[in-house]
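In what follows, chain A forms one complex with chain B and a second complex with chain C.
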Partner chain A sequence: MAKVFIYPVNSLILADLVERFGHKPLAVMNQVREKVTNISLDSPPVNITPEDPKVGLRYAAVEVPPGVRGRMALIGPLIEDAEAAIIVEAPPVNFGCVGCNRTNELMKYIVRSKDIPILELRYPETEENAPEFMYKIAAFLESLPREEEK
Partner chain B sequence: MSEETGIVKIALVSCGSEYSGVQPEFEAAAAEVNAKFVYPEIDVAGLDNIGREFGLEVASGDLRLMMARAKAVVEGTTHVDGVFITTCFRCAEGAIVRNEVRRYIHKHSNIPVISYSFTERTTAGTLLTRLEALTTVARRRHLLAREVQTGLTAGIDSGSTTTKAVVMRDNEIIGSGWVPTTKVLESAEEAYSLALKEAGVSRDEIQALGTTGYGRFLIGDHFNAQLIQEEITVNSKGAVYLADCQTGPATVIDIGGMDNKAISVDDGIPGMFTMGGICAGASGRFFEMISKRLGVDITELGALAVKGMQEKVTMNSYCIVFGIQSLVNSLAKGAVPEDVAAAACYSVVEQIFEQQLQEVDVKEPLILVGGSSLIEGVPKALGDLLKIDVLVPKSSHLIGAVGAALLASGYVEE
Partner chain C sequence: MTDVKQEEITKVIVISSDKVLPVDAAMKIYESEFPVTVKETCFGLIVTGPAEDVLMVTEEIRKLDKNHIFVKDRGFPAGDERRCRASRGGGPRPGFHFLREEVRMLPAIGAALDELEAKGPVKESPTKKDKLKVSELERIIEAELAR
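Entry: the complex of A and B
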């Protein structure tokens, strides 16, 4: 089983696909769940406190807006954990969207800087292209080492 | 929403402030003014095309969400009493959208709007005055419609640098007091006593009192004021009243001791406004320091500036420290005090122009108020920069106190 970072980082479809192929999706939903179920904090809606943008300084300098650093505080550790990544470019917003394109640019850059297998592909614009899109993702996930192989 | 007491619904149109650690501060400020943030409902599928529809194509999904929410507010899909538009400080894409969304709402609706760029250090206290002004416009329109002062009322403006008080009777200022702010309550007592003395009336005779400025809550409680109101609303009202421009559009610029306000006013009601305050370099405090360094009284600085040429001195008052450095360097190079004074005035208005007037549509008449408006070089520099006539009404330095006394007279009849 490989830990697969997905982009868009909150894509339910990608997370589900990764899981179906026996791998662990690294999605922001898990991070948010952890945040909101942490009873020691009360900073709704996602329990991000002023400390989180400071944690985000690990990934971006202080000149970078707090919205980027706050998001990176959630997403950065996922990238650090990643053993593989799937990046889907130009998806419609309901496929997944973190909201801030500066964060998108930064997280994709950090992923690409890692020495891990990465599949980069564009979201299919037509139905005819959809099977190929799915096939490529399936082939990539198949190619990743499973638990026993590791 | 029922007037005066009901909860004010404010649409929060933001780029994702919940990821910046400031959301609890936003909520705390809203709760303080009995307001509640709501999130206009939108169709997620529409987000992919909203940029094209709006005419502003941006890459960030949350900025497209801002446009969609603004559209929902304008079209009445979600009913709100006010809109708070906010994006991250230092994000260019966010700043462009914030500005255009604000303009869009202002153009297509009468809903009051404020915009703000936040950092992770933004506190509820910083937002309080802004949200108080926003909710006042929604909640107290009847009070803001008042154009004539009636009865015997008083207003006290507890500012960061000076405390001002006026006593008014039947639409006339009959007494005023202006003292430096040291201890908030003591300064207010002193200014109020001076105004009462000049008016020849006793405290018991005052039918209603209004307070404003930084110390408004403290002095309001102390004097049992009928009206405790932030300075955006009060100064807008006071400015158009003193300048006799109560109907139609106007722009009010208030250069205070610590921060500045630029307010777009329509029929005496504030619309868009910005509050500066990143650095004291663009405030009355800077003029105080310049006067001190030049060895002149602040009341003489204006006349000095009018005689000088700002072009001869380079001054950057973005930061008060660098501003003073420029001053010291200029004097060391042989600059004459007149030119330095002129440069200081120009530097302050330039900063207001660059940082605040970009977010407020300047409509004539432009009314300049606040203590710094008495420094003649300031209205001159502002007029030169904007190429329009700047109106400095009589008693412009008493603006907050006059506005408070005027609005407080609404409580005489009640």
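Entry: the complex of A and C
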């Protein structure tokens, strides 16, 4: 079972397919859960600890906007754990919490600079392209090692 | 703030099936004895509870129509007042827009999963375009009429 980083980080289709083919999706939802269900933390926007900005500083310098560092504090540890990655370019909706383009560029750069298998493809614009999209992901996930259960 | 134990998890179950409705899946969970919280939504269900129970419940629900029921994790528990529309004065909840876009693609993804299951692992995707077979056209018409 490989830990597979997915981009967009909150994608239903990618998270489901990775799990369906026997691997573990590294999605941002689990990171968010730790932040919002920990009783020692208050409600947003006061839901970060003094440690979080330090984690963000590992990936982006201090003069980088704090939003990038804050997002990287959540997403960066996922990329460090990743054993493979699926990057889908041009998703139809990319705004709100996952809409920071600088963070997205930075996270894709860090993923690409890691020595892990990466599948890069475009989001299907029509339903006719969806099977092709699915087959590529399925073939990639089938090719990943699944021997060691961690 | 909602009190939630650390080991509790939440799953979003999106149903894109011709034979299973969200209410069917919800009834199946009500019939079971798992101590989970279920919220029925327009796209499927949100299930919150102890990790082990939620994982078993989602597996049970997935078995109802495994290629057309999709599951992902969710950070906030079901009915959390920081996300629930009832306490936020209406409007789509954060994260709904992307989910809605992906839900539009799910019938095609489900059909591709059916095809993959029928044919076995696909090594190379077909690129050559052929004429549509009559049997294939019949299958498409039947699937459309069944909606």
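Please note the rule applied: the second predicted complex is superposed on the first by the 136 of 150 C-alpha atoms of A that agree within 3 Å, B and C clash if a C-alpha of one lies under 4 Å from a C-alpha of the other, contacts with A are read in each partner's own complex, and residues count from 1 in each chain.
The rule is short, and it goes like this: contacts are C-beta pairs under 8 Å (C-beta built on N, C-alpha and C of every residue); 3 or more make two chains touch, one makes a residue touch a chain.
Source: prediction; values computed, not measured.
Engineer: Just chain B (first), just chain C (second), both, or neither: which does A:15 touch?
Structural biologist: Touch partner of A:15: chain C, not chain B.
Engineer: With the two structures laid over each other on chain A, which partner does A:92 touch: chain B (first), chain C (second), both, or neither?
Structural biologist: both
Engineer: Name the contact category of A:135: first (chain B only), second (chain C only), both, or neither.
Structural biologist: In the superposition, A:135 contacts chain C only.
Engineer: Looking at chain A, does chain B or chain C touch a larger number of its residues?
Structural biologist: Residues of chain A touched, chain B against chain C: more for C.
Engineer: May I ask you to decide whether A:143 touches chain B, chain C, both, or neither, giving the answer as first, second, both or neither?
Structural biologist: A:143: touches no partner chain.
Engineer: Looking at the overlay, does A:100 come into contact with chain B only (first), chain C only (second), both, or neither?
Structural biologist: first
Engineer: So in the superposed three-chain picture, is A:68 touching just chain B, just chain C, both, or none of them (first/second/both/neither)?
Structural biologist: first
Engineer: Would you please give the residues of chain A that touch chain B in one complex and also touch chain C in the other complex?
Structural biologist: 42-44, 92-94, 97-98
Engineer: Residues of chain A touching chain B in their complex?
Structural biologist: Its residues touching chain B are 42-46, 48-54, 63-71, 74, 92-94, 97-102, 104.
Engineer: What residues of chain B sit close enough to touch chain A in their complex?
Structural biologist: 15-24, 27, 44-45, 47-48, 58-62, 64-65, 87-91, 93-94, 118-121
Engineer: Hey, which residues of chain A end up touching chain C in the complex?
Structural biologist: Residues 8, 10-13, 15-17, 19-20, 25, 27-33, 35-39, 42-44, 91-98, 124, 127-128, 130-136, 138-139, 142.
Engineer: What residues on chain C touch chain A, complex-wise?
Structural biologist: Listed in rising order, the residues of chain C that touch chain A are 1-6, 8-10, 12, 14, 70-77, 80, 82, 94-95, 97-99, 101-103, 105-109, 111-113, 115-116, 121-123, 125.
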